[in-house]
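Here's the structure we're looking at; comments come further down.
In order of appearance the chains are A, B, C and D, and numbering begins at 1 in each one.
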Amino acid sequence: MKKFINDVNNVVKEQLEGVARAHPDLVKVSHDPKYVYRADAPVSGKVAIISGGGSGHEPMHGGFVGKGMLTAACPGEVFTSPTPDQMYESAKKVDSGAGVLFLVKNYTGDVLNFQEAAELAHEDGIKVQQVLTDDDVAVKDSLYTAGRRGVGITVLAEKIVGAAAEAGYDLDKCADLARKVNTNGRSIGVALTSCTVPAHGKPTFDLPEDEFEFGIGIHGEPGRERHKMKTADEITEMMVNAILDDGPYTRTVKEFDRSSGSWVEKQLTNEPLKTGDKVIAFVNSMGGTPVSELYAIYRKMDQMLTAKNIKIERNLIGPFITSLEMQGASITLLKVDDEMLKFWDAPVHTPGLKW
Amino acid sequence: MSNNINKSQILQWIKAVSETIKENKDYLTDLDAAIGDADHGINMERGFSKVLEKFDSYKDKPISDIFKAIAMTLMSTVGGASGPLYGRIFRKMSVATKDTPDSLTSEELYQALKDGIDGVMEIGGAKVGDKTMVDVWVPALEVFRNELGNGSDLKTIMEKVVSEADKQVEATIPLVARKGRASYLGERSAGHQDPGATSSDLILKALASVVE
Amino acid sequence: MKKFINDVNNVVKEQLEGVARAHPDLVKVSHDPKYVYRADAPVSGKVAIISGGGSGHEPMHGGFVGKGMLTAACPGEVFTSPTPDQMYESAKKVDSGAGVLFLVKNYTGDVLNFQEAAELAHEDGIKVQQVLTDDDVAVKDSLYTAGRRGVGITVLAEKIVGAAAEAGYDLDKCADLARKVNTNGRSIGVALTSCTVPAHGKPTFDLPEDEFEFGIGIHGEPGRERHKMKTADEITEMMVNAILDDGPYTRTVKEFDRSSGSWVEKQLTNEPLKTGDKVIAFVNSMGGTPVSELYAIYRKMDQMLTAKNIKIERNLIGPFITSLEMQGASITLLKVDDEMLKFWDAPVHTPGLKW
Amino acid sequence: MSNNINKSQILQWIKAVSETIKENKDYLTDLDAAIGDADHGINMERGFSKVLEKFDSYKDKPISDIFKAIAMTLMSTVGGASGPLYGRIFRKMSVATKDTPDSLTSEELYQALKDGIDGVMEIGGAKVGDKTMVDVWVPALEVFRNELGNGSDLKTIMEKVVSEADKQVEATIPLVARKGRASYLGERSAGHQDPGATSSDLILKALASVVE
């Protein structure tokens, strides 16, 4: 393992110190417990959007804290969910009274830790909503698994809902919008190489020189299946088809009910993409794949979508939700309406995303 | 032979858990590398070394407070899925031992552990056979309950509990995971031992090692 | 070699097709000869800034074409200089009459091909200036080599001079500013792994698992020296010291004299950085190093500069001048004045850099 | 025996160069792998196969236009350092032959080649001994000039030119490179033959093969 790190036990801490030194105009960093928050928080009258999860996916989430996106982000250890005290303390720090929306990627660890934090914040009188992202079509069966993982759509949700909060949406409207983004989004990822968790010191999985993993998560979890290496066009075709061929997807999620202070089950359904739809297309590097290669994927994806009369209204291309130095890529397609597009286009000013 | 576990044994248990987790850190992590994200040993070691570090701050308190301190420490240091789950076990044990500050009878110990794993199932939603830590705790605690019925002493009980736990850990190998990160692998999760079940087995073994 | 590519012979072509599809609002792409140019070029009354070089360094240069930065970029094959017809044709395409500034990284191939293009454009009556970047302190001896290589400062020069052109600077003022940026900038790079040129199919060099290359170029050229792997702090210390300890650097460069239509020699000197200086600090990934690790480098660099009373006024952190999927990083420090800062802060709207 | 080279011989020369570059593509690339970036043969072959492909478009034009067409083709296809340098040689030859559309005397051929390599030195800045193509051309053309003074016929001249070129190619081996990519290697460039000097020798050999 060769990385720019000092002690494997201080990786996240020292990176956060770097963030604090690099972007004092945008964010501040709390170290105990660990969270990154907007330098100007709490922002009077505005809903706070808080996300978090294991580290190793940078710039997500810490790099997306700032005007027009996240109000705070809670980084766990590398690939390890953050702990409830982080979300709880950050909520107290950034809540302006307008309430806090927790955006949580659907992983057992994240869900459980955020759940605990939501209860703690609620008990303190903070208005809380929690919305899960679960967009990874690689996970087929939601009944017999922990459900689909939250991946690329999280970035788009943070951007869009962050802009809505900035524009003055109240807590429930922010939550509704987050839910809408999530149920209109689908993602799929592939890995060409494994990543190495610093504390582990060796690659998480072995992938022969002539194979790739299809349907990978963002933690070096093995994917849906392993294949002999293919061309960029062939891999892109598999990815885009995995998204286009994904039928209606229904699952039950738990959301927090403020009035009763307890968790209620909600049934949500994603409708398949169809001809005439407009999308935001997000082609993401897993960290070790250079942006140049993403354009080869974009080319083929655009050809395929154009042929299906699905129009790419906006795109995002680059390393935004990564798995350390893993080589690989993911595609996220979000079916958009005017509301989502408006908030996508709104200004954003964070270390990791700016326009 | 005894039917009690006293506070000093409980403190010994905590030390023994910290020790065995430390020794098995790489082993647990390697298990997690196969079907998860290669951090279970790291997570657990981080948590229990903190538990040990704080030893002096809770060692003179009632048993319930000891469990509470451990719960809060695990919850705020372990992270991942196992952090809130193990945290929950100790939090529920804390609630169950409110009225028994210095020592627990076998029955009280059983009830505390049972409340703990029930708490895990409540928030995690896993059932036996889903290839999680639940697969170890539930059958092992059933053995505990049966042996209580048989009037066995605590040492004997824990021997049988551990032998069941050992069996159940191995029994996770052929299973297809339905909860937690390993569930994403579907069929490919079969053939690997569950890391959380393994750490649970270690925790029960440590408990067996301190009872008399 | 595992990459998202189809035929190794079409790598650059297909990536450019992806760029054209992804950013039609910002850029257009000419395929024969190959160049990327601003969708709205020629921009009336504004000097055109044109750069180029071998491909494989993305987002540089093609990703920096757009409002406030480059007017056109000419990509060669991977790690191979572009040919004069590319620069010549792109100059004809984007020149508004205000003239064209060629920004050229100091590599023999790039220099010679741009030189030829400059003459061709001049013969066509286009006002031409050419400024070299040569900021790589890893190359010690300029008398007995082709001189220092142009690396990270090129990105900063493109941003700053691009903004100046946008603001209406005339050709000579743009060239003066580019020269000022270059003679106030210094860079150093390290590699943790080699990259693989697609057409070659195997890593350019072998680097044992416990070693790194210090003073690497951006084409997988061997570095200044090879070392046993060190911590992030130690490596950063070596890098920052290589820049701080670099004395005055004088070299003779050729620049184009419009009045005589010929090349004249100019002697330029970089003065060492000193206490009290203000800098833009650019921490760059070579492509395969994730942004999180760059923050560990930033942390140590900032500590060192603070100790020397050198103030980081602005920073840029991420993969901007890469070597395909190489793991590694470079640091560029540019001593700035108010003029440079003003143009650094000016809006930029390109596929690879936006604010 | 003759003191002229006519257009048809010049076209033969171009064909012969294309052929010899193709045959030596891997050899030139391997030389470049040792002290450069392993592309000289690839670059040259890409250029001269394009020159050949376009043959019909320039074969009926005046000599000057033929050289111009070759120059433009090399310049726009070879890339790297060698593209503009070889392109320059042919461009300068084109200028030098403006007034001699169908045939060149020995003196005119010499002057054209001399202008070519002067153009290379002008833009590339290399001197004899810097381990580049200049190391072949300059001494070889000195031999050319001397033989002109001796009144030798063109065939004899070119035989001596090639023999000098062959000698100078080998003489690049011990040199430390001071120009081009190889210069970054410093001392490590010694012990290897320069790829550009080698391709230049091939070009002169091809020329010798067509004169009578």
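In this text, a residue touches a chain if its C-beta (ideal position, glycine included) is under 8 Å from a C-beta of that chain, and two chains touch if they have at least 3 such contacts.
Just so it is clear, the structure is predicted and the values come from calculations on it, not from any experiment.
**Student:** Between chain C and chain D, what is the gap in Å from one C-alpha centre to the other?
**Tutor:** So the centroids are 32 Å from each other.
**Student:** Centre to centre, by mean C-alpha position, how many angstrom separate chain A and chain D?
**Tutor:** Once rounded, the distance between the two centres reads 58 Å.
**Student:** Starting from the mean Cα coordinates of chain B and chain D, work out the distance between those two points in Å.
**Tutor:** Inter-chain centre distance comes to 79 Å.
**Student:** In graph terms, with chains as vertices and touches as edges, which category applies: line, ring, star, complete, or other?
**Tutor:** line
**Student:** Between which chains is there touch?
**Tutor:** Pairwise, the chains that meet the contact rule are A-B, A-C, C-D.
**Student:** Which stretch or stretches of chain B touch chain A in the complex?
**Tutor:** Per the touch definition, chain B meets chain A at residues 29, 33, 35-39, 42-43, 46, 75-85, 123-124, 176-181, 183-186, 188.
**Student:** For a test of understanding, state which residues of chain A touch chain C in their complex under the given definition.
**Tutor:** Going by the criterion above, the answer is residues 2-7, 11, 14-19, 21-22, 55-56, 58-59, 63, 192-193, 209-210, 212, 229, 231-233, 235-236, 287-299, 302, 315, 317, 319, 322, 324-325, 327, 329, 349, 351-352, 354-355.
**Student:** With touch defined as at the start, can you tell me which chain C residues reach chain D in the complex?
**Tutor:** Residues in contact with chain D: 33, 76-77, 79-86, 107-109, 112-113, 115-116, 139, 141, 144-146, 149, 199-200, 217, 219, 221-222, 254, 263.
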